[in-house]
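What follows are several structures.
Heads up, the next two complexes both have chain A, just with different partners, chain B and then chain C.
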Partner chain A sequence: MRPFDLVEPATLEEAFHLLEGDDPAVRPIGGGTALMLMMKEQVFRPVRLVSLRHLAPQFGAISIDADHRMIRFGATTSFSELEHSAVVARHLPVVVRTMRTLANVRVRNVATLGGNLAHADPHLDLPPVWIALGAQIVIENPAGPRIVPAEDIFEGYYETNLRHDDIIREIRVPLNASQRASYVKITTRSAHDWPALGIAVRLEMKDGLAHHPRIVLSAATNKPTRLVRTEALAHGQPITPASLRELGEAAVSEADIASDSRGSADYKKHLLRVHLGRALHALALEE
Partner chain B sequence: MSTERTVRFSLNGRAVKAHVASHESLVQVLRDRFDLFGSRESCGQGLCGCCTVIVDGKPVSGCLYLASFLDGTSVQTIEGLAPADDRLDPVQEAFIEAGAFQCGFCTPGFILMTKHLLAENRAPSDDDIRHYLTGNLCRCSAYPEIVAAVKLAATKQRGG
Partner chain C sequence: MASQTLTTPAMPAGQVGRSIPRLEAAAKVTGRAEYVHNMSLPGMLHGKIFRSVIPHGKIKHLDLDAARAVEGVFLVAAIDDIRKVIAHPYYGPAFHDQPILADGKVRYAGEPVAVVLADEAHIAEEAAGLISAEYEELPGVYDEVEAHGAQVFVHDELKPAATFPDLAHLLGRRDTNVALDFQLRRGDADAAFAAAEHVFEHHFRTQPTMHTPLEPFVSIADASGGSLTLHTASQNPSFVRIEIARLLGWPENRVRVKVPYLGGGFGGKLYIKLEALVTALSLIARRPVKISLTMQEQFFMVMRHAATIRIKSGVDKSGRITARSCEVWWNGGAYADIGPRVTQKAGFTAAGPYDIDNVELNSYAVYTNRTPAGALRGFGAPQTCWAYETHTDMIAAKLGIDQLAFRRMNLLHDGRPQATGTILRDAAIDKVLDRVAERMNWGTPLERGTGRIRRGRGIAIGFKGITAPTTSVAMINLYADGSCGLYIGTVDMGQGSDTCMAQIAAEVLNLDAESIKVIHPDTDVTPYDMGTLGSRSTFHMGTAVRLAALDANQKIAALAEELGVPPNSNLPFSELLRRKYRMQAGNIIGIGSFIPGYDKPDQETGQSANVTPFWGVGGSGAEVEIDIETGEFKVTKLVNVADVGAAINPKLLAAQLSGAAIMQLGFTTSENMLYRDGQLTNGSFADYKIPCLLDMPAVFINEFVESRQHDGPFGAKGAGESTTIAVSPAIGNAIADAIGVRLMDLPLTAEAIHGAILAAGIGGDDEH
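What follows is the complex of A and B.
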């Protein structure tokens, strides 16, 4: 690694000023866990890193709206703050469960939610969960803030449509007391390897029928991807062996899955059939 | 440009300062400026835990942590764990008594992580221990002894 300009602005305006221009070697830095790896490998050689640490008073809180309709996560919140938050455990247990197999204690203590989104590695665990939960991302820009659905950020393998001077400020997750959600991380080599696929599902059950399901596939695809046709098919269906087989086939025909070192496309399709079925079944049985 | 800066922090209870370059990591600075060799860079990717350091009460990977971020923090390394020159921490004692290492390279990381596991969970199960320590690798594969050492340390800390 080589020296670079490291700056720690205390206000958003200063941060924008320091990010000005279009040099790709000028970037924000959250926890730095992804950037450090890229810098050590020399795939990224920064000219300047703009640390968001000192924005934490505005950017680092987890809060719930008074009417309990939405939880807001500041972008500089660390994974471990999420993991140990009583509010999150109570209202979004799926997020806390996801932490159990996400990285390790030390990385969770440092890596931030904003960095996790912007990094856009398709193997990451939280993006599919955010998408399944219908999260909205608040993005600050010198031209003004905007709010976009989480799935709209991702363009492809390590690619987002975030602009050079965009700073992720907040992740907003709508709450719904009758929703059930789960995330399954399927690794094919060792337990702490990157997943061959990740499946995030949320739905409501009404009179034994699945309602408003959201089904997101990650890792096997080049970006976390909603399986919208499968979602539409599942809406209003009972969860039975026959419907699960049908939904598994629908998911496999909808998803664009490639072979890689974690398994052939055929193998991953089989994993998708089996694990999507199990996930839906488990959610249907949940109290 | 701020490619270098002076950081002031507390190191094993002592106020210190260091002049660091922007690209230097915490583990580099501990070794090069303070002759503290207990945390060591091994995998270099945050996976193996040999570089574990406690910053503001939380374990971090010293090889992925920019030294520039140390300003105003409180840092603890394995060298600061024993309560006195002639006395070890109960976790250190437990690792020795259980024979939980061969070469010892990974041991500082395991001990610091165990200290924090036991602060969160006074009586961890085998599963809790394995989960908490997934980010620590022992290439001599002393895992059964390490799990036994963590349980022994838990018993010692509970005063048993």
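What follows is the complex of A and C.
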């Protein structure tokens, strides 16, 4: 690996200054778990990495609004902090459950929420969960901050619309006491593998009917993707074998799935059909 | 007793059979154990390889200028540079077919074409990225069956190496991709098929897989001083010395090969790998040269043979197998490596551990334009066992005979001739099968599941012969203070050979195993050993060590007599040395050398009176749980039983048995090198999946049976491979038992099971 500069600014202004210009070899670094792999592979050869870890006081907290309507995650929060947070366990148990099969303890101890979003590998487990939960992303830029829905930052395979001088600051997740959510990671080879499919689902149940469902598919598609037609179809529906079959077919026809080493397109479509049905069924039964 | 007044430790009893922890355990867990990977020499250059991106073609132009221009680059070398120091730069254990760097032609995607040397590895890496090559692409052959008869030839001419006696018959030939064809004829298979009540024929395939040692290939050559020292992660120091000396035209005593611990080998680090390349580069550069491959580059070094297997059996009215014929095509990749021996040795046992009077076997080592294939834990036995044990299960099912009963009815027992004609001896095949059945509770019905979950169970048993004839030499040096050094060429690559050999020496010498120092392979110091391979070390080196210790004891006795000390005085040898030299001085050196008997199989019939020093035997049983809606499955129970003779160290043995089984579990369910048009498409550990802890079966039993190898050290034989043999068919048979559908090709994936379920129209889609 070629030598490079690692800088650790203490303020956002300094960070912006260090990121100035449009050299793609100058980038922010969170936990470095994704960047290091790309550097070893020579896909990325940095000149300067701008670490965000000293911004932690403003960027690293998990907090909940006084009215309990919103939970905020600083972008340098590590996966382990998420995993072990009592607040998250209480309000967003799906996030804690997702951590159980995400990477390993060494990676979780250092990988950050901001780096995870910006990396935009479609196989990552957390982005579909954020999207299903209706998360908003706060992005800082020298020209001023902006807030966008999580699904809007993903453009394609390892591609986001983040600009060179954008720094993710925070993830905001609206809370809703009556929502139920789950994430299913489906691996087809060894247990510890990138998912062939990730399915994140969130909904409310009213009088036996699904309300405001959000259904997100990842890994099998080139970016985490909301299946909006399937969501629309599910809204107001009871969860029965017949409706699940219909929703499964809708999801399969809506999703753009290609073959890869984890499975053929047909097989992955079949897994989507079956596992989406099982996920919806389990949520409907949940207390 | 008089001797107790001297500083003799209490008489250690039973060094053999003791589960002592590994001698190097503390050094390893504290990060102090020595590996080539961590080694650095003064003035050392780092090499980085530029590889072919096409599977077959002529090199039209190689542009090295941009790489040479990089600041910090010391040298950029291609084959013409290598020729300046090694005139005929071709190597290999079976054929001298592999060029040190591509010589005008590339034969697989990933083949080394040029090398950059620099003071810093990252500079070499960057410069290697600037090399470019233009090729005239040639049509390639990738499939082993197609390559067998193809008109595209991987090599124009085959040049046998004539290094090993068991491969002495290899021929120099033109216009063929077949490196070796082994054939065996016993009885009259044609007549027996004609007379058979039932005839069954099936075709099977196994996929290419990889060794995946934790420590990738790494070698350092230091030729800066007129002689050569190699520090290399090799399972084969003696062979490396012989082959490098041959390449250089030097006497063996100018080549020194040193091997510290290995971070795993599994057959991958056998024969020559990077050693010839670093040797040539160090001679050119006159500085030490190190090349360490990345994890990903391992995919381009050596792999396990993919195989296609056709197998046919004739069965009589009573359910006895009367005839079996097998044809096996081994995908050898672009260079033969040790593939011809795999082809031959796995050929011997391709009909399975059954007593069959009429056998016909053909086994072909076939060149293709893929990564070379070589030895991998089991030497082909797991591939052939996949075929014969699936086939055997299918026959039993078809005949409506219980799978265990059918096997018992046909099993090969001690005293009966095996397919090669060699009389079976000390092979506890029956005991292993019995124990598997017992641990599987075969007599008790299985809870078979309901709805979308179905359960099934299966068993399988297999065996293998051992590479022969091979030699091990051991030396014991008793120092004047009463301590002991054991000098052996066996490489401890994680299997625990240091510990096991120390136990054998300690048993004979009446010392504590923990007090013995095992001196690691250094060809200037340790005597010859053929190699740490094919389950041979405990039997061959173990015997040599025992003989060396006996030799030392005789010399102690002679010294006592010389000094007039009465026999049985129990005076320790240190005291004898002190009396002789009047001070703490001198040595007692014991030497042991061992080569088992061998009878070369007949060229036409494969018949031999003594084809193997011993038989490795392994049986497995598996229970699986399948989701018939998706094909997703779990191996919920895996039982592995081996015949290892007597146990030198039961704890180490258990680790060997479970390790071998886990490795084979990966080769059964997930590992698969995927090729498209000769290009590997999943050459990383994100996409080539080895099993992890979460993939372990909930019930995982590994055992050995009570047995004794009559001529093994203290009754022991090799144990490193036995539990690889039968894992795949046990799992495949369990899947078939659960869903009634057979998979004929490895690996057994959820998608393949789902496909088979769909094709058979099993289950409904009404469950949620």
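The rule is short, and it goes like this: the second predicted complex is superposed on the first by the 287 of 287 C-alpha atoms of A that agree within 3 Å, B and C clash if a C-alpha of one lies under 4 Å from a C-alpha of the other, contacts with A are read in each partner's own complex, and residues count from 1 in each chain.
FYI, contacts are C-beta pairs under 8 Å (C-beta built on N, C-alpha and C of every residue); 3 or more make two chains touch, one makes a residue touch a chain.
What you see is a predicted model; the values in this text were computed from it and never measured.
Colleague: Of the two partner chains, chain B (first) and chain C (second), which one does A:His281 touch, if any: first, second, both, or neither?
Modeller: The answer is second: A:His281 touches chain C but not chain B.
Colleague: Taking the superposition as given, does A:Ala191 touch the first partner, chain B, the second, chain C, both, or neither?
Modeller: A:Ala191: touches chain B and chain C.
Colleague: Check the residue A:Met39 against both partner chains and state whether it touches chain B (first), chain C (second), both, or neither.
Modeller: first
Colleague: Quick one: classify A:His270 as touching chain B (first), chain C (second), both or neither.
Modeller: second
Colleague: Between chain B and chain C, whom does A:Ala25 touch in the aligned arrangement: first, second, both, or neither?
Modeller: Neither partner.
Colleague: Tell me which partner A:Arg2 touches in the superposition: chain B (first), chain C (second), both or neither.
Modeller: The answer is both, since A:Arg2 touches chain B and chain C.
Colleague: For A:Asn109, using the defined touch cut-off, is the partner it touches chain B, chain C, both, or neither? Pick first, second, both or neither.
Modeller: After superposition on chain A, A:Asn109 lies in contact with chain B alone.
Colleague: For A:Arg53, decide between first (touching chain B), second (touching chain C), both and neither.
Modeller: first
Colleague: Considering only the contact definition stated at the top, list the common interface residues of chain A for chain B and chain C.
Modeller: Shared contact residues on chain A (touching chain B in one complex, chain C in the other): 1-3, 40, 191-192.
Colleague: Along chain A, where are the residues that touch chain C in the complex?
Modeller: Residue positions touching the partner: 1-3, 40, 42, 188-194, 241, 244-245, 261, 263-264, 267, 270-271, 274-275, 277-278, 281.
Colleague: In the complex formed with chain A, which residues of chain B make contact?
Modeller: Contacts found on chain B: 1-5, 21-23, 25, 44-47, 49, 52, 58-61, 63-66, 68-69, 113, 116, 131-132, 134-136.
Colleague: Of all residues in chain C, which touch chain A in the complex?
Modeller: Answer in residue numbers: 122, 125-126, 129, 294, 629-630, 632, 666, 669-670, 674, 681-682, 686-687, 689-692, 694-695, 749-751, 754-755, 765-766, 768.
Colleague: Quick one: in the complex, what on chain A touches chain B?
Modeller: Per the touch definition, chain A meets chain B at residues 1-7, 32-33, 36-37, 39-40, 49, 51, 53, 80, 100, 103-107, 109-110, 191-192.
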